[in-house]
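Presented sequentially are two complexes of subunit A, the first with subunit B as partner and the second with subunit C.
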Partner chain A sequence: MSEQVKRAVKDFILKEFLPGEDPANLTDDLPLITTGILDSIATLKLVLHLEEKYGITLEAHEADKEHLDTLDKITALVAGKMK
Partner chain B sequence: MSSILPSIAAPPLESGHKASIRLIDFLLVLAQLGLVLLLFRQFQIESAAFIQLSVLAFAGFAIHSWLPLPYRLPFFALLSLAGVGLVMGLENGAWLIGIGVVLIAICHLPFSFGVRTGILIIVGGILIAQRGAFLPAPWSQAIWPILGSMFMFRLLVYLYDLKHEKTSGTLSQKLAYFFMLPNACFPLFPVVDYKTFRTNYYDDDAYRTYQVGVDWIVRGVIHLLLYRVFYYHLTLAPHEVVEPSQLTQYLVSNFMLYLRVSGLFHLVVGMLHLFGFRLPETHNRYLLASSFTDFWRRINIYWKDFMQKLFYYPAVFKLRKLGTTKALVIATLYVFLMTWFLHAYQWFWLRGTMLLVWQDVLFWAILGVLVVFNSLYEIRHGRKRTLGREQRTWRDVAKLILRTYATFWFITILWSFWTAETLSDWFSLWTALKGPYNAEFLLFPLVVLAVIAVGSIPRASMRNVRATEQSQADWSRQRAVTVVALVALVAVGVEDVATKLGPNVATFVHSLRSGQLSRLDTAKLERGYYENLLSVDRFNSQLWEVYTNKPANWLDVDNANLKRFVSGFQRNELIPSFVFNSRYGPISINRLGMRDQDYTDAPTPGTYRAVVLGASSVMGWGVADGETFEALIEARLNREFTQGPFARYELLNMAVPGYEPPQQLLPFMKALDLQPHAIYYVATGREIKRSVRYLANAARDGLEIPFERLRQIVQVAGVTRQMDEAAAMRALAPYGAEMLMYIYMDIVEKSRSRGIAPVFIFLPQVRQGQWVEETPEILKIARESGFVMINMDDVYASHDVTTIRLAEWDHHPNARGHEVTAERLYRELMSLRAEVFDAAKR
Partner chain C sequence: MSAPLHQAFIEAAVRFPDHTAVVEAGNGSISYAELDALSDRVRDLLVALGVTHGDRVGFYLRKCIDGVAGMYGILKAGAAYVPVDPGAPPARNAYIMHNCSVKVALVEAQLEARFRAELEALGAQVRVIVLPHVGGGRGLAAALDSAGVAPAARTVSPAADSLAYILYTSGSTGKPKGVMLSHGNAVSFVDWCSEVFEPTQEDRFSSHAPFHFDLSILDVHVSLKHGAALVLISEDTGKDPQRLAQLIAQEHVSIWYSAPSILSLVAQFGDLASRDCSALRTVLFAGEVFPVKHLRTLTELWPDRRYFNLYGPTETNVCTFYEIRLPVPEDRTAPYPIGEVCSHLSGRVVDETGKPIPDGEEGELCITGRGVMQGYWAMPEQTARAFYVDSDGIRWYRTGDVVVEDQPGCYTYRGRRDRMVKRRGYRVELGEIEAGLYQHGAVEEAAVIAVPDEEAGVRIIAFLSGRDGQRPSLIEMKRFCSERLPLYMIPDRFSWHDKLPKTSTDKIDYQRLKEMG
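Moving on, here comes the complex of A and B:
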């Protein structure tokens, strides 16, 4: 389940924010917020996508690097919400 | 309450990285810090207090890095508290820490979050009333700016995290966060995020974290030195902008003053790295912003993150039912509205007054709208991102450079609008566009283009990654850059080395070696003495920091009504027969309107009489009766010059605070009635600009100018009542020297025709450095006018200015300064005895 979420999130990020990027470069622990890949607009797009796709609700304070900085963290957040 | 109990054994977050350092690496870092300290001293980086704090921090680092990990954070917290005591003194430090601890404790009271917030609002309200002087406070005013900088924003972040986090951290984390070490020196401090402060603590290899800290400190020093280049050498006043080349210089240098903020933030965050806090970058090459959203993301990143966390996301999440676009637009505008408000709030804590000016409102409103449009564009078209080196064609690079160039100039124009003292000042700048368009005009546009072009070369490295994740090549390159920059700066800072590079280089380097006020800020400071014009309502002026230290009731003589208004060109004069007891002792005005003892209308036989004309330094601003250099010299002449040509000596002090050269012609006419043997005209610098400003304002105010030549100059220059000050000064500036020549010659000719010796005394303000703006020109004009010349421009050169001036914010001589002046002037007068005394006897 987690792997499926991770793969889907990765596909979304590659398609939306990193078109043309080699998927191998987007590793599970690559920081996305601190490196500027996910800025406020991109973070918002990602949150809306996650909410819509997985039927979950995210809080404003969760839109930070503790929860969304890497694929691993995003996956954990989504998985935690889906339980 | 348990969470605020001491918990020194609590380990930091597990990061899996090495928290220890090898001896060789430690010594390498320590050696670099030694050079950094040398650099701080050579260039007097910031203040003496900051250098002391740096010694404490670097010595603390040497101990901290060898402590067992669980003891490091408590040690840093204690070091931070010690830093507060070191900078603020024991009593003020204790008050500051006490108030801070109370605020932190309130956050942890065993009540609901809402009740705790309510209590904090009440306590905050009391502190606001005290800061605004509506309620008395038992502590010194000096603690407010630092207390404000520690708690005004960090408490909001802390509360937010307290509401949403499972754990609030240990006592050491809390104390370290609020009182963090370098903050005691800096009223302007980056808004560090509490969660980041905790989670990034030793989350990378210790040595590499420390080394990155050194990199940042060096980068900060480079920013600060570049700032000084602009601040001292390139900034212009609006009325000095008359050509397109000066307009571009004005725009660029005005924006570049921001280097001070970015430099300080680099120093602060670099220092925190030395204690294991691997905080992210505070700025990201903001000159290379290629759009308004990009600019907002690159400049003061901590502020952007703070606003995003506390205002943007909560708003946008709440509004998302309206649709993404609407939510985003409203939330963005809300962020800029709050940014404006919080800047005013910040200003209140630092200065004790609210900052409410139109430029501020309009600046944030315009920037907010531009960012909204940019964001909408990005939503629709996306933004190019990459995980490695971006593959760009020449066409891409050219387009990027063009976009960045356009953004840069747009921002500088907006920035000039924001920082202009008045809207009319800003509008009058653009008259310079009329021309001429010569080669000089291209200088700044080409330099900016070159900087942007070089900066736009694609880089492979990613931002904010852990140093251990960097490639070895990047790591080695950064080490080389830091060490080379450090050694080069230290070498240039050595006087012998700078001298070997030529006199021009040596003079230039020397000018960068102190943190004094620039000529423009000094002029504002001096103007502020008399006009209560504290026109520093922006954070990028060094002057506001000086004013931050100034007590609200500094020199009660301000409000003593020593002067009264008179109609006409003279505007004001000292009130005759008036006595006031200032905190510096009595100030007595005699029946003739002089700050002096009483004198007869004409000198008695055998008495030498000289009338002294000047402004506040001569009148004796901030010293008691009898302590002015004029009074000291008079006493000494009567005591020691007994073999002189006269039996008695009288020096009549006709100086009036705030008097400008054109005004001096009126007391001079009165002085002639007192039948003096000599007129001592004391000039204290910038006589030309001050004359220009005075005449400009006299014409704008419709005052009748009682001197034909000055009237003609106003007419020829085309100054009218409708003009704003900058435009009028711009029009009169070309006639400045002519104006001063007329004033000096009038004094000389009228004196000589009556057998009076006209003596010109040049007396500088008491301040550090060697600013000699206009001085050679003034001396030349005075000499050519026929004055007997006494040049005392080096009178204070061999003295520590802090011991002979009134205060950092008041460059008048104190009682000791008047003694120094009197000692020198007495010698000068004796050396000119034949012209000044003997000739009068004949």
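Moving on, here comes the complex of A and C:
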């Protein structure tokens, strides 16, 4: 389950925010927000995508680097809400 | 009354008649006496054609001895010279000559047909003197021969406030604007160069910049004031670091002056370790920021020389200077200051309203003094905007450049006033992002622009070329920037190219980048 979510989120980030990037470079622990790969608008887009695709709601305080900075963290957050 | 710009050359020709005045690789050289005589013939022809004190005369020639002789002939006739870029579209050059109503133009035969057609389209009345070819002064001599014998005319000594030349720069309106420099402006600058760089008749100056670029004023007029030799560098050679390095060695160039971009290439690809450039004693650069890593490489390959960072817009020519103390420290990444204001000028830093700002704060550098232009040709409104007048009635030229006086009397360039953007409420200096990008080992060239964006307010795009064709991934660049720049300064896009587009004066062409962005 987690692996499926991770793959889907990874695909979304690559397509939306890293066009042309080698998927191998987007590792599970790569910081996304603190490197500027996801800026505030991109982060917002990601949150909207996650809510729509998985039918979940993210609280305002969850849309930050503590919860969304890496693929691992995003996956854990989404998987936790889907239980 | 101060002497006109050409007077120092005339005197040098009397003192050093047999010295080599100008060298043109592959096309021989000309002595001071010969150059003086050839430029006298140009003066005579121009006067015979009705050119008088206060007129403008254009020249549309590749870099050659013919051009230097033409330049002095025009000055001797009392007119101002208007050099145009031989590589620019003929329509632009015709516009320039029509705009400042040149009476006569010296034009190379191969450029003539399209130029004439453009002049006609504008309805411009310009008498064209066609040089059948150029090189070594022989094309000019042939044109003078075919024009017949003109009676000897008197060399005019215009007053200090008479125009010596008009240099056209790109204007924000899309049409080039003519920067008017007087004899007094030019001579004050040339004299300042004499004081600081102490040239002698033994020196050999590079002439890398084209004649329509203000760097050429130093090359040509300082060199020929002192009995030194001027080594002309053709456009092709000027872009090729290998050939340039070879020329510096073979021609025993002792004083080099160019924009930093070509020196960066010479440092990296000029194979300097294997060449004897021992005659070189002074390296001058101006026009843009010299990336420190390339400057370090250059100074390591060429130690024991004096290096000066010169700064100034065409409107003032050089107005500040900074001598770089060697070695360049290993850990230095910040660009060098632009330094102190030249002794023939005064500077101050002001806010948007023209009020001087406290020391240590950023503001716009303003310059006054003998070197500052008279204004833009036939553009009274733009001229008025370019200056502000203080409470004592002194006219200050607004450079549009933001600086900070971080040590007393020593300025550091922060960027263009118009290159400062606000992003997420923060002030973002695009030049600072460029400096950060240059620290990446794979980055050869970096230029950053900001474009309006509906979502983000402004988007920052970095245009890059990679050393040896390297193209690091987007993730790699984002990570790298995040280690050096605040988040709000990390570019949104990284656009890689084989080379970044350049203007005719070899600076990065930001206008073109904006079109690409």
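Quick note on the criterion: the second predicted complex is superposed on the first by the 83 of 83 C-alpha atoms of A that agree within 3 Å, B and C clash if a C-alpha of one lies under 4 Å from a C-alpha of the other, contacts with A are read in each partner's own complex, and residues count from 1 in each chain.
To be clear about the criterion, contacts are C-beta pairs under 8 Å (C-beta built on N, C-alpha and C of every residue); 3 or more make two chains touch, one makes a residue touch a chain.
Since this is a predicted model, take the numbers as computed values, not measurements.
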item: First (subunit B), second (subunit C), both or neither touched by A:E21; value: both
item: Winner by number of subunit A residues touched, once subunit B and subunit C are compared; value: B
item: Subunit B versus subunit C as contact partner of A:D64, first or second or both or neither; value: first
item: Subunit B and subunit C contact sites that coincide on subunit A, given as residue numbers; value: 18, 21-22, 25-26, 30-31, 34-37, 39-41
item: Subunit A residues touching subunit C - in the complex, by the definition given at the top; value: 18, 20-22, 25-26, 30-31, 34-37, 39-41
item: Sites on subunit B touched by subunit A in the complex; value: 160, 163-164, 195-196, 199, 280, 284, 293, 297, 308-309, 312-314, 316-318, 320, 324, 328, 375, 378-379, 382-383, 385-388, 462-465
item: Parts of subunit C lying in touch with subunit A, wherever the complex brings them together; value: 424, 455-456, 473-476, 478-479, 481-482, 487, 490, 492
item: Residues of subunit A defined as touching subunit B within the complex; value: 16-19, 21-22, 25-26, 30-31, 34-37, 39-42, 44-45, 48, 58-61, 63-66
